[in-house]
Amino acid sequence: MNTFGRKFKVSIFGESHGALIGVILDGVPAGLELSEQDFEQDIQRRKSGARGTTPRVEEDAPHIVSGVFEGHTTGAPLTIVFRNTNTHSSDYEQFAAMPRPGHADLTAAVKWDDCQDPRGSGHFSGRLTLPIVAAGVVAKKVLADATILDDAPVSEIAARIVEIGGVDFSTSLEMTKGALEMTGGPGMSEEAQKVLDQAIKDGDSIGAVVECVVPEIDLGYGEPFWDSVESVISHAIFSIPGVRGIEFGDGFNAAAMRGSEHNDPIGPDGRPLKNGAGGVNGGITNGAPIVFRVAFKPTSSISRPQQTFNFQTGEMDTLSVKGRHDVCFALRTPVIVEAMTAIALADLIALK
Amino acid sequence: MNTFGRKFKVSIFGESHGALIGVILDGVPAGLELSEQDFEQDIQRRKSGARGTTPRVEEDAPHIVSGVFEGHTTGAPLTIVFRNTNTHSSDYEQFAAMPRPGHADLTAAVKWDDCQDPRGSGHFSGRLTLPIVAAGVVAKKVLADATILDDAPVSEIAARIVEIGGVDFSTSLEMTKGALEMTGGPGMSEEAQKVLDQAIKDGDSIGAVVECVVPEIDLGYGEPFWDSVESVISHAIFSIPGVRGIEFGDGFNAAAMRGSEHNDPIGPDGRPLKNGAGGVNGGITNGAPIVFRVAFKPTSSISRPQQTFNFQTGEMDTLSVKGRHDVCFALRTPVIVEAMTAIALADLIALK
Amino acid sequence: MNTFGRKFKVSIFGESHGALIGVILDGVPAGLELSEQDFEQDIQRRKSGARGTTPRVEEDAPHIVSGVFEGHTTGAPLTIVFRNTNTHSSDYEQFAAMPRPGHADLTAAVKWDDCQDPRGSGHFSGRLTLPIVAAGVVAKKVLADATILDDAPVSEIAARIVEIGGVDFSTSLEMTKGALEMTGGPGMSEEAQKVLDQAIKDGDSIGAVVECVVPEIDLGYGEPFWDSVESVISHAIFSIPGVRGIEFGDGFNAAAMRGSEHNDPIGPDGRPLKNGAGGVNGGITNGAPIVFRVAFKPTSSISRPQQTFNFQTGEMDTLSVKGRHDVCFALRTPVIVEAMTAIALADLIALK
Amino acid sequence: MNTFGRKFKVSIFGESHGALIGVILDGVPAGLELSEQDFEQDIQRRKSGARGTTPRVEEDAPHIVSGVFEGHTTGAPLTIVFRNTNTHSSDYEQFAAMPRPGHADLTAAVKWDDCQDPRGSGHFSGRLTLPIVAAGVVAKKVLADATILDDAPVSEIAARIVEIGGVDFSTSLEMTKGALEMTGGPGMSEEAQKVLDQAIKDGDSIGAVVECVVPEIDLGYGEPFWDSVESVISHAIFSIPGVRGIEFGDGFNAAAMRGSEHNDPIGPDGRPLKNGAGGVNGGITNGAPIVFRVAFKPTSSISRPQQTFNFQTGEMDTLSVKGRHDVCFALRTPVIVEAMTAIALADLIALK
């Protein structure tokens, strides 16, 4: 339901226009250094403001309200809250009559018997990814700490945009950390910029693909079957609103390959010599980087008019979604993908 | 770990060459009619024997050993076991020195400190998908029963091969049940047959794509964020050995689309008029069919020689995997994909 | 870890002298009427101030920060927080050197590598029972609501003090709700008052027994073995600090009885004619009231000097615990026992 | 539901007169030596045959069917099954009309809509404690192994009968392992024997109290609140059929004590100097032995006639339970109490 994880557990709560949103982390080891400043960089990366993202810039300051004492984690549940301030609730009133295509307006209403908080999509809002990013910061610390304690190197997780609107601008992925700089801003290709600009001009939106790499991780994490590394990561990734697909290593291309091409020969250090599998064999990390790609749909809210049903009038009608929306919300997602990956791995490592 | 589900819970156990493999189902409602004959059809569909599958034909007879009394489920844990009989353990001894590329030989050894049962891949064997298929049969019954009790129509789940070795032979999917006949045997295109035959001839293997459809399901199942329908289904699907990717609705194509194309307008009955989302909005079923595609890698065990490390000699060496293996194990997976989907949905429905 | 429940889930967080304490409830049905006023009565019952309780009277105002919209629950996670205001942190500094007998000062330090928040016992504080009482208020509403929806009458849970310092002042329990008035204040016997007064006078503390009754509950809740009604209730009850024992129905007396005495004959309506079992057979409710008794230890913090080890000096030393403490904290626990019972039953009913 | 534990997980299945009963253990570390002989002693202790126990002596041979390879655990799910052979199903047919007082005959029928397997109490049978004892043997090995790996001494758990029919024959418990010999057979006092003999003579039954001690365990296991050591142990203990109460340390007596009596001063090694708390402070082990007492009711099945309702005739009627039953089933429970304690501790230690 609203908790992820078996031993490193993450629970989120709140609504877009309610008093607070936040996250409780259970199973955080005692003694990690943690301050509110530690969240700054990742929260900044999620923030809007760049071309193609919503002009709504919220006060995204994290408040640690439990689980930290004198600058380190205590071992007790760690709670981080954010205040909601910059809200325009009236924008959303019309969607009761005309639920937005691609949104949870209607499904939330059916699921919760019309009792849902509809303001700003309520609990379904993308704003809930803010506490997820905060949880990711803690999870990354847990992974870095696991390195020291168990000699289990999980080097920095890195995600970046590699494709916008069908324009692929990934360079061939080298298996070194240096090659994994963030793009999606300055690194974006000219052609991709054009696609984005045209969508803005048309009052439309556009999708993107994010690639995520965990450059170094020890062999032996994950479980056969139910809690395979791919199962746990995909579970977390599909919890991000707007994901349409995920593929590991050669991904969908693998279905067109032969075994002699796709198989990764094992090298003298026990790690694969290539990475068609994306770092996992039989559900268990094999010592190669974990590599996967995530398809994000285009933003559902568009100002361009759409035909959809009006439950008030009982007829099909034209909807033009006003308000502040990202044209390509996927531009804000690499840090969320990293957070989810860190959360998933922190739990798998804790379970080992 | 080895259990899936919150309320409809599935646990599997056993090793490929051990005494028994089996499954315990917890949370099965009392009063469902169930006999050992009910498993026949789905177990048959998983069986090998067709061109491109292993000649090892095992005695796959299910034995219900608890949870059924006088032909109906009792409400107590339901256990189904299978005996292992037709085993050639000696085939596998060489893999300690030369772990097979693409297999869990090495990762299992690292994970379990060289204590794993290596015979026939032990607990990592694809043979464990047999109890999963059995669990799927029960899950399908639970879904059919939910229809009657809660007026929640979950009509028959259907999966089929739509692509082999890169050759797509799906016809355009019509949203009627009639269009969902099983193919992969007689329905396979001539071109796909050729690709398969060539792989057999070359001692190589080939991958495939499976498409799964849940033609009718009520609105309102699933949870926002952590237990989105896609999260729960993908978790289950990546528990099938050899899956490399999953995509819902427009899938990876959605990343190249605009919102005006991808958005599904809502129609007068509250259901979408098209199905770019694959049946889910905001993690919740939206009344359209759930549609997803799964990429399966080519079989890892190939007789064609591969270069890989020999831990005994300390040098790279040539491995040719003997024994009986599927050239395209994906041909046997549609019924497993259905089983996993049924299991995932049975849990989501039980949680509602 | 810090969550209780499978489908109706309660997670608490916070430290006695931190910024906030609170509770997240997951699995609350949508549409329950709920306001901050609804918590008043139960929070009042937990409050100190009566003879034998601490003079620290805190601002115990609940703030609903998520999960409620326009006066009813939304179905999303429901979060209630409380501010900590009236704190005297300096009282507790000495306990690092001399951990208090009967407290978690030392065990918390060992468990969490000396990183715990020691102020006011941190996360181990009895103050955390405040969000538990708040969760209980919601759970009671869920139970009342279940009555209407499922025709499953769970009439009001009632707990009361029946014994203080060994003086039993319960009247023989009649199985009607009228007989279950709260005592422990005016209803306390003269002899019990004397025991309490003497403990106050001596700078000592005293224990008590609480009896809890769920007067009416349908047959059929609970599970055989692991999630028997007694298992789930006792799990919740032993989560209250200071509990030393729990017994159902005839309890420890049953061990001295014969089957012919202890067995409850079944009557014409399928409910037992007496209640030696305390309302449960084979782990499942049998239609009789659920009745159990809980033993609370005397308050550990006493001003009367105690000999215990001083880790600073390395010698046994005399400790007199200053500060504000209940002489008989058990006087404040009946409402906590009710809350835990309601939480446990809400989960069992949700799972059915 | 039918699983206990978070990381060391135990699931039981089967019915008294079905084909198999058994247990799956998940989370067992790889590399523990384990053979079918290891179960012999504990299974023998659970067996009937002594005066006061049922003459039904079953073939209780354990069969390890997964999770063990070449004499050690593999890390995969460990499954142990037992065949049911010596069954007299016809004994139980009359109980549909006249559900036995004190039994789950009626509650099981209500819970499972009359679909339960009624033969020998089906899944509610005390026979299911046999796989629990088997799970306990593995759990004890895990605890012994934890000692070596983590320097966490959990010395042998020991439970014994200390009271039969109200006759207490415990000697004062010394905190050394030597004092914890099993009694209940030869160690039983003459007075207790008389009470037992008289119950046999009268066709009646009698209850008993079991005391359990974990003589040595490190500080720091357990969680504050929801997963306190007492919460987890009591949850497991109340899963044993027929338990009416549990108390730790001073138990119910603590409610009559003063803080100055009940508090355990801390000694120079950080462990308490006495053990009023029973080894736990704030839910966390404090380094003293864990000590608790369990009240078992008298056996419900008695040949002495009882008045109870006959649903066939619609009138109160006389029931005399024929068949083979323990007069004091509690005599067989010490090893079950040990098993449950080991299971609970194995999970707490795995979670740390």
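In order of appearance the chains are A, B, C and D, and numbering begins at 1 in each one.
By our rule, a contact is a pair of C-beta atoms (placed from the backbone, for glycine too) under 8 Å apart; a residue touches a chain by one contact, two chains touch by 3 or more.
What you see is a predicted model; the values in this text were computed from it and never measured.
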Fill in the blank from the handout: At the largest C-alpha centroid distance from subunit B we find chain C
Handout entry: Comparison of A-D and C-D by number of C-beta pairs in contact, larger one
Key = C-D
Fill in the blank from the handout: Averaging C-alpha coordinates per chain, one finds the centres of subunit A and subunit C separated by a number of Å equal to 39
Practice task
Please report how many Å separate the Cα centroid of subunit C from that of subunit D, as a whole number.
Solution key: 26
Problem - Rounded Å distance, subunit A centre to subunit D centre (Cα mean) - result: 46
Problem - Interface hub residues of subunit D, defined as touching at least two other chains - result: 1-3, 6-7, 12, 76, 111, 123, 224, 351
Problem - subunit A - residues contacting subunit D, complex - result: 6-7, 76, 224, 351
Exercise for the section: Please name which positions on subunit C make contact with subunit D in the complex. Expected result: 1-4, 6, 12, 99, 101-104, 106-108, 110-111, 123-124, 128, 163, 165-166, 199, 202, 204-209, 219-228, 230-232, 234-236, 238-239, 241, 243-252, 254-268, 270, 272, 276-278, 281-286, 295-302, 304, 306-309, 314, 316, 330, 351
Problem - List of subunit C residues in touch with subunit A within their complex - result: 1-3, 7, 9, 11-15, 18-22, 24, 26-27, 30-31, 63, 65-67, 69, 72-79, 81, 111-113, 115-117, 119, 122-123
